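For reference, chains read A, B, C and D in written order, and residue numbers begin at 1 within each chain.
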Amino acid sequence: MSENAPKPLSRRQMAWRAAQDIPEGAYVNLGIGLPTLCGDYIPKDREIVFHSENGILGMGPAPAKGQEDPDLINAGKQLVTLLPGGSYFHHNDAFLMIRGGHIDLALMGALEVAANGDLANWITNDPHAPPGVGGAMDLAAGAKEVRILLEHTTKDGAPRIKQTCSYPLTAKECVKRIYTNLALIDVTRDGLVVREMVEGLDLAGLQEVTEPKLTLADDWKKLTAPTV
Amino acid sequence: MSENAPKPLSRRQMAWRAAQDIPEGAYVNLGIGLPTLCGDYIPKDREIVFHSENGILGMGPAPAKGQEDPDLINAGKQLVTLLPGGSYFHHNDAFLMIRGGHIDLALMGALEVAANGDLANWITNDPHAPPGVGGAMDLAAGAKEVRILLEHTTKDGAPRIKQTCSYPLTAKECVKRIYTNLALIDVTRDGLVVREMVEGLDLAGLQEVTEPKLTLADDWKKLTAPTV
Amino acid sequence: MIDKRVRDLAAAVAGIKDGATVLCGGFGAVGEPIALTEALLPLGVKNLVIVANNAGTGEIGIARLIKEGRVRKVICSYPRTTDPREFEAAYKAGKIELELVPQGTLSERLRAAGAGIGGFYTPTGAGTNLAEGKETREFDGKPYVLEKPIRGDVALIRALKADRWGNLVYRKSARNFNPVMAMAAALTVVEVSEIVELGALDPEAIVTPGIFVDRVVVVR
Amino acid sequence: MIDKRVRDLAAAVAGIKDGATVLCGGFGAVGEPIALTEALLPLGVKNLVIVANNAGTGEIGIARLIKEGRVRKVICSYPRTTDPREFEAAYKAGKIELELVPQGTLSERLRAAGAGIGGFYTPTGAGTNLAEGKETREFDGKPYVLEKPIRGDVALIRALKADRWGNLVYRKSARNFNPVMAMAAALTVVEVSEIVELGALDPEAIVTPGIFVDRVVVVR
């Protein structure tokens, strides 16, 4: 890292940054956890249709107090609402939408992403817990575009963006963009291209905590987010 | 044929006879033409659910005059009605029901049936007309049970129940029962078993107009039908 | 604001190109998007591949496209048309290709395209002429035929009502092939009797969610 | 008269046998047929194979069957349960088998059983651990995994309303796996909040037509 200590984004700031890139009219699936927070930061003038793999399109925010409906939950099993224009359908149609390439954008969390866009986000190598995959593989293989939100490093400071994933894969070569607490990185045919970095960080500093070789885009910008 | 000239059933009597065998509560698809007439002769105390491959369950009879709805047709493109309890669905679900074995009984017409239950009912060898298959192959391959209504012979007196079909097949080994104007014949592992014959016909007479070897059931009956 | 409504038929079919694979809803004339289909004529496109259950009825819709020589090939289950037999005439004259597909297989191949399925094994057609040249394979001792997706460049759909998000409901047996075709094309265009306010369609009863729909035009 | 209504839970689950493959609807506890699932306990069946999205929630439904040692194997997409972790405990003790299936593949394998499809090629899971031992094949240069149907001996379903023909409607996201499981079993048993008169359900809005349903019981 550079001398002038960089200021990483908070988790909510990462979600804010990813939300700004969701285009008007997109059909979007938000993964459980951090990606779900993106829903809170959509610019007010944009109409986005959120999809939930348990059979909802047009999902709205959490219900107001007293308006909770136990039969209306998202994939993370949190209570949600339905917007006007929303619809319900069964699980098979929900995954037809995913697998058939009808979801414009899946925002997902990850354990690791590799230089070629390989994604590992469903299982650690912990032998003590039973494995669970949910809809992760369907989303990673099926969405038109997959973007990842992840902390740039592990708690121990080890890179999560790797030459090759060390954890079992969710899908091969599916990730197109990575939002971290330090940078916004695109996965391209020419490798990883840094589009944005936080204040106080230079490419060398970012490279130190990233396994594969990074290239800096000519028009790179500062990665900023308001206090959210 | 025997000396005492047999009296073949009319087409409507054939439909009547086949209709008597449709069990209470069955989900039934009636083929275009002769099989469609079976719907007119269901015993009054039986509730049967008719399926149409264009997306209807619980199809009722033709509409009363003035009640016709151009958006409510059967697979033969005749105007029909919907009974209470009926439902509409799309073509894909209609054929899911067929292919998935949810239709208890398909009653179909035929050009020929073979000794092993092979069915030919979709195309003659006429090079002048474009071929058309419709839902015939799906029904023949998918219904839980396929029963056929056909005139016992061609207009020239040639057998339609053959050792091997001369026309291209609709499906292999799918027919379980054959209703003709002369007899009711089951396709069994031991070959064709005659369950019923019209008055004035004996096995030798029936065999004369049937290619494969016939066996007479010990408990065979006269094939009769009221004037309909 | 998401708004899939377009002003007129010309806007509805804009951009469809020569040689396009066009999925046309309907079963016979019921649920057939006749106005959209005929809107392809002034657009001037030709060498079309039409995917539909039938090959046109009477002189309208697909039959008219065939009569005008715009159709290179038809993929359907039942091309016998009522008089005047436009398809039959073109077929006998060797002016049009036919790919005959069993009705349930046609529907399932369209769904496979919509559902991202690379291929599927169906019992329909096994051991028949229509399985010739296709892989056949046994599962649990029963023969199945490998069938591939049919993807449209465009789907022309008829529905009863839509909203500005493109949510659709149909009417009685006019639903037929329309919902599965709506899922199976790169561009899905719908003609409807009526457009209603967003939120006016019951979310429990929407048959085609707007995710499958790109353009909606009112045809009264 | 067709009448799929049964008097009580015992009648609803009558005849289900040891070793049965049981499809259980629901996503977490939403839309889970808890009363029907727990009705398997007094029936005394064991060595069950449970097919569900999750492996039980809390101490009810599937979790209770696991706790009571009635389940030999679970086929699901996400077996991590909330406390008390009945599945995890049984799994760590080596007392239960797990077949982990991606959620969309689970749903599609169930549909394949219901739709008479012998197998299908899905892109999901290609190149991952979950495709190990399965045929992988390229279509148009993209890898797909061959997946087989999952058929139930019985499906336990939860819906909102039914009529005596077994037509069903659901409520909001409680629909989830229920309709596809209803199609995929030899015997489909449904618990509902309410049974209505035949003809009271809108034929345009019936989600599961009665053809897929064998028994209906009211559980309030």
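Assorted remarks:
Just so it is clear, a contact is a pair of C-beta atoms (placed from the backbone, for glycine too) under 8 Å apart; a residue touches a chain by one contact, two chains touch by 3 or more.
The structure presented is a predicted model; accordingly, all values stated were derived computationally and were not measured.
Under the contact definition stated at the top, the chains bordering both chain A and chain D are C. If you compare B-C with A-C, the chain pair joined by more contacting C-beta pairs is B-C.
Mean C-alpha positions place chain C and chain D at a centre distance of 33 Å. One simple way to say how far apart two chains are is to compare their mean CA positions; for chain A and chain C this gives 35 Å. Averaged C-alpha coordinates put the centre of chain A at 57 Å from the centre of chain B.
Residues of chain B in contact with at least two other chains: 82, 88-89, 95, 98-99, 142. For chain C, residues touching at least two other chains, in rising order: 108, 111, 115-117, 122-123, 170-172, 204, 207. By the definition of touch given earlier, these chain pairs are in contact: A-C, A-D, B-C, B-D, C-D.
By the touch criterion given at the top, residues 27-28, 30-31, 53, 55, 77-80, 87-88, 91-92, 98, 100-105, 107-108, 110-111, 122-130, 170-180, 207 of chain C touch chain B in their complex. Within the complex formed with chain B, the residues of chain D that make contact are 1-2, 111, 113-117, 163-165, 167, 183, 198-199, 201, 203-204, 206, 209-212.
Those residues of chain C lying in contact with chain D across their complex are 108, 112, 115-123, 137, 139-140, 142, 144, 148, 169-172, 202, 204-205, 207. Those residues of chain B whose C-beta lies close enough to touch chain C in the complex are 52-56, 69-73, 77, 82, 88-92, 94-95, 98-99, 123, 128-138, 141-142, 168-172.
Within the complex, the chain B residues that touch chain D are 24-25, 27, 47, 49, 51, 57-58, 82, 84-89, 93, 95-103, 142.
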